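So the structure is just underneath, and the comments pick up after that.
Chain naming follows the written order as A, B, C and D, and within any one chain the residues start at number 1.
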């Protein structure tokens, strides 16, 4: 494994640098989650011609902190006759699943916590851990709504992992590597070198662009479903299941679910950015290109994707369970296979 | 197959139409009123907290009768002629009844406006005051009487003295005029 | 201990894979304190048992102890979303009983008030229906507009929701200066928002997928269940009391009765019921425009009846087309100033009784939509 | 069809079961019928082509002192005419046939009447209380009803 981390260069390979590398994404997740929550509040408010939170700090920018403080103060309720161990474990497992994915996300040319060669594979592997957490939380709550939410959620996660994986696999075929850092490096240069526009290549790639665009869309839609966002939020469909699998949770455990949701949103946005949108590459060739600008480009691209997720949430109604399955198995999966074959053909002809 | 593609296209296009509308709404003027800092001016007719102008109240009790939830309690004492403290009403007539108690329980009040509609002298009125939250229910019992308890006792004593004298002079005279008054009000 | 045993016995008689869920009394989408006992087979609803009465306020018992005028504030609280419409059949019934004619100006103001309130009610109905389907943004667009309507109603009557505005033989207060302009502005705003929501919600593919072909109520069943209002018209029955039994001055206006057309889905499904409401808003706008144009400026609106209302002995049933359906008042007078018996036939109460019939076999998420499309107000159901 | 014509037709068909026709103003003109034949009369009213009363607007029960009465307001969607039917039964044993099989809407109306007045609708498939709790005692809308002091150890009067 090559040296991919500036901290190793700075401090050498020792315990301190490892600890720093492990905790830097955590810092990032916490700060990012606060900003994302604020963005959600504000964007929803502006779309609905409201002002949103305005009282905590200037323009209400401290509102997420106030909410975290509120959640810390809340009573931590464990329902009677629930399965205590699983009930208490579930939020941590879900957060672990979301956080573990950060291990392979390349923030910059010189910062990726673990530059393993099977990065994309690893993301899909750990991404499924949250399904276990959801089932644990839903079943252990001893609540029928939670149980229904958990069952729906698992069905949804498993169904939508396949189109998402197909979309990612197509890019793996194009890039012929699963190392996320390598995928980024291939896409360097101007923005038409991004994989959403067919990757680097001659003008012969023109006919594959619609398919890669479609793959991007398929991955984006499946990622919405994987993070339980509208219009695929039926596991926590507020109008029918009250709050779905986390109906019974309160206080900090609820906050963990909340953080995990936002962390998950960032993970899928980061994967989308890395494999389709050029990762830490500048869109304009060498302009503002470099390891520190890389962080800027990466985070801003990923955050834009998150903002689009938020925007969609406040636009669309929610699907029903059977329609969700229909879209997953009968629309996205066949289409992703078609795109996969087209991309493979392109690679064969190249 | 064509229907299948059409459905996908309809799903995508209507999503984009919706997203365009929400995008436009991001930039329009917001309608929120920042409540404690800016306030919406209530219309003059707004029915909020009741206010009683005691100098106009003649103690006729019609507001208490009209109230559907019985939140108004009125008690009166007749003014005895030899009371040194006489009062002239807003319309120039002498006061006939001292209002010794006028309570409104705002915990019960349903702001229907029936009491203000029946008041003959427009003494009880709805105001536009709506911010009067309190910490306990007892504080919602508003007392409007202007007489102090000592004055009430004094007036009761004077009336009792007057009645005693009256009884000696005219043994059955007291009841009739009062009854006549009530009849008058009904026919009004 | 004995309770638990009995429950076990009961559950053992069920088929093994069914689950009983209590939707309500506290639930985000029961629109109040309704409790539905739902038996689901996986996600499929197999049985629905509504349990009412969580908001029972003994309205009819109260009325027997009160004078006719004091009843009006309580009537506001039946269907508290469209209180103006509620008061109307009550005062009309008393006017019929006492044989009172009201002046033209009063009639026009009543029509405008009722239609404004109908728009406000339908806005809430469509908005909460969208909310049940998961769309939050149209909900707030509608609520913004509804606030403008409520400002007009507040300027007229003095209260935001519980107006106590109609009197037997008249109204509580006259119009304020600038009333007509306000109404015309509202009509414009309502049309603008409706056009927007059409694109954002009503013709959204996801929304159509969710609500079309769900909860189909055939016209025969609807009539047998005595459904009324948009629920009946959504099933394609062209019946509107404003046209079929024109009370007040509705025969002077030119408007259509929107019915479920089956443009999307099947006639009588949730989408069509909801669409009827959207179209009715447009018709109400037309009525308001005509009424504003025709309304006489002069005239007194105060009631010319004695303050103590004493109708003669008799019984009368009066019904009016409320936003939610037919609201009827059966008033039995015994010649005193207090009613002998008042029965309120609430539209929501009757419309809700159709729920067990039309929600079987659909999914659990559909049940919520069916409930939302029927548009109930628990104040009227439980009285 | 006017109420008096309906009365005449019913009278020829059912004879004594149709007791009285009343059109004193300002009361809506109504037909008083005997409780025993109510179901058959209602069935005729719904299904006979001349009547077709397919819409039960309202069903009201009321306390008449000695008796309890039930009032049916009917409407026809096809002929657009309306009719008021009245039935009485003694308060001690208030038995009235149910019309829930004829108009399904009567289901909840009759449950409400049973709940609040205590009319016993015979033939109703699910005659339980609807507005009051299922274990409530007494029928609240009767004139001689006295509210209980306690319900499940909760004070009733406020």
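Quick notes on this structure:
The rule is simple: contacts are C-beta pairs under 8 Å (C-beta built on N, C-alpha and C of every residue); 3 or more make two chains touch, one makes a residue touch a chain.
This is a predicted model, so every value here is computed, not measured.
Measuring from the average of all protein CA coordinates, the nearest chain centre is that of C.
With centres defined by CA atoms alone, the chain at the far end from subunit D is A. Put simply, the C-alpha centre of subunit A and that of subunit C have 44 angstrom between them. Averaged Cα coordinates give subunit B a centre that lies 30 Å from the centre of subunit C.
With each centre defined as the average position of its C-alpha atoms, the distance from subunit C to subunit D rounds to 25 Å.
Subunit A and subunit B have centres, each the mean of its CA atoms, that are 58 Å apart. Multi-chain contact residues of subunit D (touching two or more other chains) are absent. Counting partner chains per residue, subunit A shows two or more touched chains at residues 47-50, 314-316. Touching of two or more other chains is recorded for residues 137, 144, 200-201, 204, 206 of subunit C. Taken as a contact graph, with one node per protein chain and an edge wherever two chains touch, the assembly fits none of the named shapes, being neither a line, a ring, a star nor a complete graph. Interchain contacts (touch definition given at top) occur between A-B, A-C, B-C, C-D.
In the complex of the two chains, the subunit A residues touching subunit B come out as 43, 45-51, 54, 311-312, 314-316, 331. Chain contact summary for the complex, subunit B toward subunit A: residues 8, 15, 18-19, 21-23, 25-32, 34. Residues 66, 69-74, 137, 144, 151, 154-159, 162, 164, 172-173, 176, 196, 199-201, 203-206, 307-308 of subunit C touch subunit B in their complex. Of all residues in subunit A, only 44, 47-50, 144-145, 148, 230-231, 233-234, 237-240, 242, 314-323 touch subunit C in the complex they form. Across the complex, subunit C meets subunit A through its residues 19, 21, 27-29, 43, 130-137, 140-141, 144, 200-201, 204, 206-207, 209-210, 363-368.
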